[in-house]
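Read from first to last, the chains carry the letters A, B, C and D; within each, the first residue is number 1.
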Amino acid sequence: MTQHGTLGVAVIGTGKMGADHVRRITDVISGARVAAVVDIDAERVKAIADGIKGCAAYTDPAEALADPGVDAVLIASPGPAHEAALLEAFRHDLPVLCEKPLTPDAVSALRVLEAEQKLGHRRVQVGFMRRFDAEYIELKRVLSSGELGRTLMLHNRHRNAYCPPGFTDAMLINDSVVHEMDVTRWLLEQEITAVTVHHPNPSSNAPEGLHDPQFVVFETDGGSLVDVEIFVSCGYGYQVQAEAVCEKGTARIGDQHGLLVNTAGRWGGGIAPDFVARFEEAYDREVQQWVDATRRGEISGPSAWDGYAAAAVCEAGVRAQAEGGRVEVEMIERPAFYR
Amino acid sequence: MTQHGTLGVAVIGTGKMGADHVRRITDVISGARVAAVVDIDAERVKAIADGIKGCAAYTDPAEALADPGVDAVLIASPGPAHEAALLEAFRHDLPVLCEKPLTPDAVSALRVLEAEQKLGHRRVQVGFMRRFDAEYIELKRVLSSGELGRTLMLHNRHRNAYCPPGFTDAMLINDSVVHEMDVTRWLLEQEITAVTVHHPNPSSNAPEGLHDPQFVVFETDGGSLVDVEIFVSCGYGYQVQAEAVCEKGTARIGDQHGLLVNTAGRWGGGIAPDFVARFEEAYDREVQQWVDATRRGEISGPSAWDGYAAAAVCEAGVRAQAEGGRVEVEMIERPAFYR
Amino acid sequence: MTQHGTLGVAVIGTGKMGADHVRRITDVISGARVAAVVDIDAERVKAIADGIKGCAAYTDPAEALADPGVDAVLIASPGPAHEAALLEAFRHDLPVLCEKPLTPDAVSALRVLEAEQKLGHRRVQVGFMRRFDAEYIELKRVLSSGELGRTLMLHNRHRNAYCPPGFTDAMLINDSVVHEMDVTRWLLEQEITAVTVHHPNPSSNAPEGLHDPQFVVFETDGGSLVDVEIFVSCGYGYQVQAEAVCEKGTARIGDQHGLLVNTAGRWGGGIAPDFVARFEEAYDREVQQWVDATRRGEISGPSAWDGYAAAAVCEAGVRAQAEGGRVEVEMIERPAFYR
Amino acid sequence: MTQHGTLGVAVIGTGKMGADHVRRITDVISGARVAAVVDIDAERVKAIADGIKGCAAYTDPAEALADPGVDAVLIASPGPAHEAALLEAFRHDLPVLCEKPLTPDAVSALRVLEAEQKLGHRRVQVGFMRRFDAEYIELKRVLSSGELGRTLMLHNRHRNAYCPPGFTDAMLINDSVVHEMDVTRWLLEQEITAVTVHHPNPSSNAPEGLHDPQFVVFETDGGSLVDVEIFVSCGYGYQVQAEAVCEKGTARIGDQHGLLVNTAGRWGGGIAPDFVARFEEAYDREVQQWVDATRRGEISGPSAWDGYAAAAVCEAGVRAQAEGGRVEVEMIERPAFYR
């Protein structure tokens, strides 16, 4: 790949997120093309490849990454398959955009960190797309500017209208609250050191066996306090809000007041139905910036370290949820490689 | 009436507004009591007086104003009866709070002005209650502070869910837009010099024979431009908004964002059903301040001149509405007495 | 006092709140007059009484309550003086509006409860004025209507620009968070059963020795979870917000979006400087409704039980704050008398 | 160009807008590349072309359009040069995205319409980018859905912090209000039939010789009434708002309430500095959709007819501005070709 050439991307996994990234690379963003698609479903992957000029279909990630047209890898397979795909990408020294989670637990994430460090240069960006959302970026800018002083607290709301069947208490931490874990670390530039999970009454709309909503409290090594309302069966729409409480003021995003309608005794507007609608532009921007950086031979965005940290905090969160009380987060010290 | 005594008020007219003022003076505000009620309906007026300690019932305003317990007069009878009641109050040199309009036309309003001037001191406050509304007061404060520079334009929205049966095009000016005429004069401290009325398509919910909504443009002697959307069958609630466009910024009131509810795919809140709900506190404050000033032997609030000016602008508005085009306002010069 | 007569109120304590209530009864609300004022400062109390027709000055509450012109008592003295004043009022069987706290601790509050029960009828209303604020009333209406389903969580923000000198951690619970304790009990109609206090980094604007802000979590006997951000040196203004998270939606008050100004690259509006400005109308409504109910021979509003419950929760809060961890609230069972 | 091939675009004009489109096609959107750039400044155009792989530099539009690598044309030269460039593109039967205005006046626009009709198929999309803005699209969706009934009025605010030197009254119509002309026609699906221009006091910040702000009223052939506040030296930021008043409610966009900050006695947020910031995503979406449609061999978006209509309304607007009073719009009947 020359500096000005188009980046050939192998997309591993063609489920909901993978297929959407294939569409994004092909039809939305610039500077990249889908050179290979990989899925264990041979028919599915062939059908997708047939619709894209110069795109090959594979069922084996290792074969795909050996394809000479592949310059970079986007991993969108299920979490348990991530470690093998990452190590294979490292073997070919390919840049990777890996959908969250980096891997499903802290021990395996640590193995990825070690493998990446052996390459001698960073190759991994993890798919925490909120860092690319215009409102979060604006919030980060305000907090970083210092105009409001230090951030003391961060209040978060994370609401889904419905959750998929089979959603468990652990998934509520690992798949949902993990976003607030990353947002906390990114906005505050602090590590999370302890987690407490409070359980209010479950909603009568919560699926059998799920304690929903829950209220999660993080402590950080910078002394900030973060709370997260997670409510995945709130019924009325998808809503993500964050309010930073600083020494000289507060800043809040997520009110979504675009179109205001007055009708039938009410004023107000619509609420996004799901995260795809809410974060569509963040996904576009995330992949575009990864492509741009990769074409420049650079790496940016959330690193494998961020993926590992999220995994470690998730483990503490799941334990706090199951056992009650406050659980401390166990993490290795941050290697200089990731500073 | 001593300076610390309770003000005995005669309320003339016991329709919707009059009855509400009786309740207000009796149960809400301080420093006044209803000493006399007047209505041509003898039974009605007796029933009201019977419920209030020390309150006499009259069918003749002149008799009521001669009652030694009466220290001040609140006129809430129909507009055509105002002139006679005002002149009778002047005969007894009584302070008056006169519901708008001062009188139904500019010529009769002028007679009232002349009569008041003969008293040698002002006695009349006109019931333009928006001047006592917290949001309008705040808007006036911002405009007067000079922080936004001179006011160049004022955009107004005036919407009623429904209008009473028999509402006419002329009433739309005389009863509704008259509030924006007064608000314009008060906020900008300028006189209105010309009126233009634009007619969009009528709503299919407008009553037979009424052109609703209409869009009214005022020019002022200070060179400001004011527009008013008047829509008395908007269906969805009562809404009054004002946005001042100044040299260094704009200021808007009337969004009514008190309680915010998220539910069923929507965010938003409720809209006041009518002017009674929206301006309840403004009415309380208006009457309280009139009572307070009267007990101190002072006069404040909108004067007979403001009532006359509104009548003169209404006449131009009704002509502009009927004839099309731009109609200039005809007014006498403001007497020093009213400066 | 006859049913239609004016209520003669003795105001005990003429500090900031007491003096404001004297003004309120005299100049703002209807149906009552200040018949007696009491303060240990003889000169101060005489100066106040001299300005009000028919008002006597006392330095001894017992003498004041024996004054034949006194029909009811408003206690606005410091908390430690409340118990004696309440018991004295019970001796004369006088209705009482007692500023919060009922008494400074749960044991003394319990003694008041017992004394009131011996009277055989309720006489005490406690001064939790938020129950009379238009936005809180609207929030209560929405929650009670059932349209949003059961309330699962309640998020509260309570911010003061500055706190008075000498403000302590315990006062932060007893004087500030006590409002959210009452609001929680009133909105949810549940008792608080446990309190946890989290300590983020203190603001560098917090006074020496004060841990500010703090983050307080309540559990209730109905299984709801309530969090309160208390921040008494936030610097930028006074702000009280509450967001109820229900099964079918959320409802939030306190955004204070009255006047919207666009200027110099910013849109927005002003923030109330303090609780007097924010809750002015709530205080007016509180005292008016107490006067109205008293004149009808009724009792309404927050009862001595509510004062006791707040004291018991405060004790748990102060312990949780000092000791860390979760502290259970100790309360007697609610007597039938207070149901 | 095959259906799946990358579209080779010639960009004519490399001023502010042209250069931005070059960047957009190269770095932001997918499916297209800049195959040729044209500018009378030979050095400038060479420097741009040198930075883009496979891009040729021209000073003569006719030569550029004859380049075999050119599949489509984006015209971003000054308005007076548009007609020649359009006719040249027609000669090669190339699809065109033409920045507004189509041409500087209605007569020349009519010539373009006639030339396009001779081709036998439509080739022109005009650059009215607001049709691609997310908020306008949402407003259009609400109005088209019928849920609010027919649209009776449309209130518009169009404010720039500052205007470029040499900005004239006519440019205020032709360059600024032209956007509201197109928005009106697009949202209401009605033609504008008459224009009136009101002149309030000019702001003391308006440049010498410019009457700013102005207030423009459109009438439409569907009987709707549209008003536009145009204020190009408002000083505080860039702001575009639209409020549709319908039979069953109103809908407003442009409040821009993304990030809400509380600080120093104020709540609020930031205002976009200029149209580039406000409409950045609209421009991206406009060019992407043009590329997508062109690659499918289709034409969509605002047509040459829309460009002609805007030119005709502008002419009436400029006359109304200069002469005062109401000026009727003169337009030919819409050819079936453009329906």
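Here, a contact is a pair of C-beta atoms (placed from the backbone, for glycine too) under 8 Å apart; a residue touches a chain by one contact, two chains touch by 3 or more.
As the structure is a prediction and not an experimental result, all values here were calculated from the model.
Chain pair with the larger contact count among C-D and B-D is B-D, by C-beta pairs in contact. The most distant chain from subunit D is C, comparing centres defined as mean Cα coordinates.
Spacing of subunit B relative to subunit C, judged by their CA centroids, is 37 angstrom.
Work out the mean CA point of subunit B and of subunit D, and you get 45 Å between them.
If each chain is reduced to the centroid of its CA atoms, subunit C and subunit D end up 58 Å from each other.
Multi-chain contact residues of subunit B (touching two or more other chains): 235-236, 248-250, 255, 257, 260-264, 270. By the touch criterion given at the top, residues 4-5, 25-31, 52-53, 134-135, 138-139, 142, 147-148, 248-253, 255, 257-264, 270, 281, 288, 292 of subunit A touch subunit D in their complex. The part of subunit C that touches subunit D in the complex is made up of residues 235-237, 239, 255-257, 260-271, 273.
Listing the residues of subunit D that touch subunit B in their complex gives 149-150, 152-153, 155, 198-205, 213, 215, 217, 219, 222-225, 227, 229, 231, 234-236, 245, 247-250.
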